[in-house]
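A single structure is presented below for examination.
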């Protein structure tokens, strides 16, 4: 296919970024905003067409006679050539997941652009905001279409940077600055792992290219056989390190701490970056490398464990938070953990690697309904000017659109049929059960928790009591804000019926989804019970929650303080890194190293002061020294030479 | 008895050492000059004796001695002149006092 | 005897002519025309210097011995004499103002006469191939200097310096003669090559002592540590013109003479006897000189110690005993003359106009007298061996010459010397710092230095800048040394 | 050839002409002085660009010689010292870098006082040395220009500096001269072992490399000499302590030139002399210096984390980055060395940018203590944005120069067959995180957050010349970051593949 369209998909956001970034402050807010939105809109159309062509044109570039979907690099320019084998290329790889991601990213991004027109109206630095949004969209698109792991790393970094800039958008707010710094550094730390992983893999496979790596990993990584490092085979090390990069971006425990703070950014940004797109980059990464992972099952097991733990942890914490964005943030963490687990439990021999498909499916649906939820939350915050649900309640009368869409979102995430979340989650649970009952039960439980805390949130916002909103009553936002909600809500309703397996499987073979009713019923039952519980506790103002809180005081406080992870990090960074490493080093440098250098000078001066007596000014001493010197000269030679 | 070279060399060396000793110990510059003369004369004796005993066939040492004596005389004259000058300015010729410049 | 061999001594004779002229002019010309003496002498000497460059002896063809080989002249000898002439010429120009000043006018004649005599003595030192002639030259070169040091009748320092100088000089010559007598006893001759021929067979304690004494005797004039103690006091006490003469000319002559003796007389016992003596002396000289220079505030004393350590670097050319070493040594002397004289020129100008010689008085000099301080800075950089000034090249070449000798020991020696250059750079920069960086008000008001002084400084600056970059100077010197027979007796 | 003269000579001639021009200027006539400086440096930039283009054209035409534009004028024939010039891709890149930074520097010191004339005199003398160093392939000439470049620092810092300038200037000069003491010994030693027995000794780098006659034992002795000698200027641990004080005290343009160009002399020399002439010794002794440089990479970054003076922070980050240069050079393979050179370019530009900005900020706030500043983004947005860009470049954001350089180094180093080297590479990789820490710390403290000191509120944003000098550098940084392959090819061509494979260090 011709390269113009894919090229434009990347070029338009980049162009927008440069345009708005360099000349933004010369433009009016409206112009800048609409420029950005239109640009994104075009990108959206192009992305849809590209995806459509990929899936439905049936050209032999994309699907072979055997009905396998192929990976096709539309273009692949050499960017930097290390050695004749190791080359960084900038390319555009079309395959099921990248096409799917194109759709997701452009959709959400466009929604957010549109939404922000209303939400950010009148903000200082409006143009800057849109410039950064475009930058982010560009980087994210570049990330998903990467043809080689290094291109992915490049855009990975760019995504991180733009996320940094957007979190710190309100740069005069110290908390925002701190949050952005935290986000960047934590993910940077994870990226270090990613980088080392890349180095290791490329050292043994001597290629960066995804297609080459994944087409037949056994032979590519044959050279790693037998080479162990600290008890693990180097391949495991490489894969785990790469996954570490994923953990950073996807906020897996213990590298999740940046995500809740990242909510300091404007809410649409949270919807775009920290719910729908960037945070799933880790999942996407593992999915990309999946064929390599299944060579090394131990790595996959690690992935599973990390995912499972995170899922439970985040779900528990989400039950206790009062800041609605934080609740959503933790639910995001938990949902991404679902995807990670589902990749971890995926095995090629079972239903064409059902877990892989499931996780991608969930990624897709989750993007939609989580964005929906966040935008809804945005609307709420916009209305009541507070992040805490304690300041809300009974809003269903005032904000019908928001209410309905939010409800749909909650149902979707809770996994109630026929909403999108149900289908994807069901596939995940099936895969989990197939892998081992433990994971199945575990994840079902987490699913129940999800339903509970989401409805807790829903009831506290829209029902519970009816506080006095004073002179101005909350109301739905302008149409620019409502429209995205409606659209996303619709998608969340119908997305589940997409026959996802026909499009996305790990090896391109078509796979017909069929619900495993045992699993499905259990999960539905669990979810309904959880919702019922939530209804009992939160539908009307009552004392049950407080009583329960007091009943499980310890657990509750721990969960409320997110199990003290931040404190741990603060301790490590400030106490250990700064006070026990950096300061001593700086001191050592100033006093020991520098002191030594200075001491040369001081010693010289000291010596010259000491020997000044030699020049006593008395001529007799002069000749005495003279004679002794001459004799010593002779004597020394007599002694040493002869 | 037979006078070998040593009978001349030893005294001359002793003279030299005396000269050195005098130079280093005496306070009066004139005395120092005298000890310098001692040293120079010791050298002269050396030359003559070496010439006489070791290389009787030639006169090189002798001639050298003559010149050396002349030079020594010149040196002494100059030194005396300078000392007198100093005496004019400083009103004494104690070597201990000419150590204004040091370190 | 054949009197035509006097013709071999063209330069000596020329010098003698000037001397006699000055002498008679001074003695018999009427008072009113005395004032011209300084100018005339300088001019005459300039002519004589030029003559040195054109005298037929420059082309190595007429390397002749005279007086049964007592006296020898060759292209390289003429070259070193020319180098000295240039230095003397600059000194003469510098000293004009001083010589014409009130309290010197009565003794002006003596100054020039004594100066010319010492130069004559140095000629003899350089050309001598027999120790008798050498000793005469040595004494002729050092005794009159004592008188010159004592030239400032008013200042007691001047006399103190003279006393110290004369006493140590006589002492050292006594030691030197002692050493000679031993050499004579060992070899029965005072001809350089005769000694060289015999001496290898005569090794033993006596020879070592003899060599040590000889080195001490000449080391006195070179002011090698530990024979250097007179240097600082004399430099400080003497009139600045004399100091500058003392610091460059007599040192240069002595260095070359030292090279000749070491190569031609004791060359055969190089590694057995004196290599390690000189090795130790060089390290001592450079290090001690630097250590003392650090803490000096009086500029003349400061330059005295700097010249001590410079002598150590010059000796690197001797210990090398290679053609490159010899030429580098001569080149070093030449460059050293220009750099040091530039420094002394500035000091003298300031001293003549304000009477200040302390480094502390120089603070902020750049604001009041930019030209002077610039000249001084060039001199300091050149002495410290900073490119693109001549000092860098001379240092580099002398190190190259030394290392050409090839033993690891030499590498170590050069390394030590190099590390010492850092110390020297430190104190040279102290002067620059005082002049340029210090903010406080300068004690020295702006003044217009005499035309003669400025001419001298310009010559020096030109030399400092040109000598290195214009490579033909060094090339021609190296050509000369490649043709010469100085190292003939080596090993 | 350009106007009948070897083009390289103009890189020395133009500065010398500038010196003469400055001599003719009146003492405090800023107009004349600026004219000379700007015209001259513009000419230099134009010339270096022309050189780049022409060089590439020649290579494209199939020139395979190691050095192009080679030319040699006999200087001290008896010692076979020539004024030998010649460039390969690396030198071309370095010359371009120097020209750009001199250009930016002369704009950054638009309003220098006191004594503007002298300032520019010394500055130009310094750059004369730099250019001379990069064009010459004769050890002697190289060394001479090297020292020419060093000494002006003393006066530049001592006269126009700030803080403990006299101490810093003296320390810097003495330490660098100490390095060059070892260097001089090493060079002379190389000269005397440059050729097999009985041939004419030579100072010419290319010839020496071709002959490869330096005996093994002598290499073991001479390699450390030269490497340490240059390493001091390359701020190699533990000889880096001149750099923080020196940079902190130096005036803006001087910090720019010193960190941007002069420190590159060290890396370039290490590569061109130590590595290139004595590969065997380099291979055997690499581990010692790998440890040292590895230390300075991490160590510099860590100590940058707790500094409070902006210039100290950048000085230490320079220690870290330049450590990376030497580190990569020691890896002895084409990719890593290419990375090293690119790192030199990138670090040169970005540090120059940093110091320029710091100078501009300091010129307004009169403090460099980050604790006393904050929220500058509000007050001087332009400078702040530039600072952020510089910071991003320094912590290796793709699309800016830092990233490509570091990645090339890491990938290249990791290709080393020896496990020890690979592990050390990973250690070096850790620096990217620490870099992020201290950069973001500064950015967050200095530019973001509330305004610290209300006196700053009435400060103005950058003037046109400041903008100009900053933008020039940013454009270059971005250029390298976006089209790295151009530069890496330019550099890479000059390594003949044989050179390292003989050492058997690459798979």
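Brief remarks on what is shown
Just so it is clear, A, B, C and D label the chains in written order, and each chain counts residues from 1 on its own.
Here, a residue touches a chain if its C-beta (ideal position, glycine included) is under 8 Å from a C-beta of that chain, and two chains touch if they have at least 3 such contacts.
Note that the coordinates shown come from a computational prediction; the quantities given were computed from them, not determined experimentally.
Note on interfaces A-B and B-C: more C-beta pairs are in contact across B-C. Here D is the chain whose Cα centre lies closest to the centre of all protein Cα atoms.
Work out the mean CA point of chain A and of chain B, and you get 97 Å between them. If you average the Cα atoms of chain B and of chain D, the two centres end up 65 Å apart. The distance from the centre of chain B to the centre of chain C, with each centre set as the mean of the Cα atoms, comes to 27 Å. Per-chain Cα centroids separate chain A from chain D by 37 Å. Residue positions of chain B touching 2 or more other chains: 23, 32, 95, 98-103. Annotation for chain C: residues 163-164, 167, 171, 175, 232-233, 295, 426 touch two or more other chains. Counting partner chains per residue, chain D shows two or more touched chains at residues 174. Every pair of chains meeting the touch criterion is listed here: A-B, A-C, A-D, B-C, C-D. Those residues of chain D that touch chain C in the shared complex are 75-79, 81, 140, 143-145, 147-148, 151, 154-155, 158-159, 165-166, 169-170, 173-174, 177-178, 181-182, 184-185, 188-189, 191-192, 221. If you check the complex, the residues on chain A that touch chain D are 78-83, 86, 88, 150, 154-155, 157-158, 161, 168, 171-172, 174, 177-178, 180-181, 184-185, 188-189, 191-192, 195-196, 199-200, 202-203, 206, 577-578, 581-583, 585-586, 589, 593-594, 596-598, 601. Put simply, chain C touches chain B in their complex at residues 131-132, 135-136, 139, 143, 146-147, 150, 153-154, 156-157, 159-164, 166-167, 169-171, 173-175, 177-178, 180-182, 184-185, 188-190, 232-233, 236-237, 295, 301. Within the complex formed with chain C, the residues of chain B that make contact are 16, 19, 23, 29, 32, 36, 39-40, 42-43, 46-47, 50-51, 54-55, 58, 60-61, 63-64, 67-68, 71, 74-75, 78-79, 81-83, 85-86, 89-90, 95, 98-103.
Contact residues on chain C toward chain A in their complex (touch as defined above): 163-164, 167-168, 171-172, 175, 205, 208-209, 211-213, 215-216, 220, 225-227, 229-230, 232-233, 272-274, 276-277, 280-281, 288, 291-292, 294-295, 423, 426.
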